[in-house]
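Chain IDs A, B, C and D follow the sequence of writing; residue 1 opens each chain.
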Amino acid sequence: MINLLYFARLREELDCADEALEYTPELGTVADLVAVLRARGGSWSEVFDEGETVMVAVNQEMGGIDSPLADGDEVAFFPPVTGG
Amino acid sequence: MINLLYFARLREELDCADEALEYTPELGTVADLVAVLRARGGSWSEVFDEGETVMVAVNQEMGGIDSPLADGDEVAFFPPVTGG
Amino acid sequence: MNKISVQSEPFDLAAIQDALRCESPAIGAVVTFLGQMRDINEGEAVTTLTLEHYPGMTEKALQAILDEADQRWDLMGIQVVHRVGPLKPLDPIVLVAVASAHRGEAFQACEFIIDYLKTRAPFWKKEQTPEGERWVDARVADDRAEQRWRR
Amino acid sequence: MNKISVQSEPFDLAAIQDALRCESPAIGAVVTFLGQMRDINEGEAVTTLTLEHYPGMTEKALQAILDEADQRWDLMGIQVVHRVGPLKPLDPIVLVAVASAHRGEAFQACEFIIDYLKTRAPFWKKEQTPEGERWVDARVADDRAEQRWRR
């Protein structure tokens, strides 16, 4: 499984805070995962549109589109951070 | 009159915190005043030796060797400051 | 000693600074940054600010920033406190306090930490205004501030 | 509002910062520098530090520094407190707190003020060590720090 988390504006637009996704070897990188999510259509294709700035963390460390994925990973998507 | 003040190490070395000096037109600048003080000899010539770093304030504003003097001025001599 | 706290409760500015500065009589300088809620942003009145974060990752991201500051400068203690949840104008949001023997390093490290926190720690602000709610957009100025420290 | 105080009594760090930051809900950042007495200087133990100053000129010199900071940056209040008289290790010596809408200006102005204070305000430190008393020499590092701001 891959544990997916969504924060802030993304959580609201997707109406989803977290979900568990079946892991398959095709999910080699974050890019593969984003393609799966975008293919869901509706708000998913909007949020993960190529023109949108979405940040990703893999196992609670900042990652990128090329970050490799493995079974059991925690992957979080969120907008650029605005704390401080 | 010119009111003279000495601070910190200078005050201790001269054993003098303040004094009033008769104003004369020959005291055109701080340099003229320093020449008078240096001519006193002893610790005065040491403290105001050319090799020593002495700071001066005229009427409570940082000045220099060329600062003009006038009757009634307050002139203070002190070592480089070390607050903060 | 470094300490990180992410909390919904208010924090005691004086207690944190005193604990930090009294850790060692070799400390000569403490530089503190306090960020607080403004009642206006981009020209609009803001009545409430709500801070969301990513529990677990937040602490790790802050720890990584503090570790990097400790590598770059000779520091004698760092305290970071960040509020989450609803805040009102004048409420403190974040505190970064850095102790060092001399002031130059404390100033640099404190500014470095808040610059990095603003672009790398997973916090998000939502504003309540008379026109409704809105998520705060990341500021380009914060990206630029962070990039100064790259090497 | 700017405020300067030269005093022999201890000061209340929290009260000063709170008074400053609560002056306006348009304030977003408060940067504070606290300098405190170290128990060792140039390798020697220091038991007491005595601060002498030039009453009258001190306040004017500090005011001139604050006026220049206000000209250079868009600030929303500055508080400077400097102790005089005898101090013990861990005693706060000086506090510089600067409020602004955004942090960049508050950081720069705070560092500018302490850098200038160290070379332009008439304070002198005398240290009591086991070997006797000695006047502290001006640090070349402080001159260099001040020169960064020349323009």
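Brief remarks follow.
Keep this in mind: contacts are C-beta pairs under 8 Å (C-beta built on N, C-alpha and C of every residue); 3 or more make two chains touch, one makes a residue touch a chain.
Bear in mind the structure is a predicted one, so any value in this text is a computation, not a measurement.
Among the remaining chains, those touching chain B as well as chain C are D. The chain with its CA mean position farthest from that of chain D is A. Annotation: 26 Å between the Cα-based centres of chain A and chain C.
Centre-to-centre spacing of chain A and chain D amounts to 49 Å, using the average Cα coordinate of each chain.
Taking each chain's centre as the mean of its C-alpha atoms, chain C lies 23 Å from chain D. For chain B, no residue reaches two or more other chains under the stated contact definition.
Among all residues of chain D, those that touch two or more other chains are 35, 114. Under the touch rule stated earlier, the contacting chain pairs are A-C, B-D, C-D.
Within the complex formed with chain C, the chain D residues making contact are 12-14, 17-18, 21-22, 25-40, 89-90, 92, 101-104, 106-107, 110-111, 114, 141, 145. Partner chain C is touched in their complex by these residues of chain A: 5, 7-9, 57, 60-62, 76, 78-84. By the touch rule above, chain C contacts chain A in their complex via residues 35, 51-54, 56-57, 60-61, 82, 93-94, 114, 117-126, 135-139, 142.
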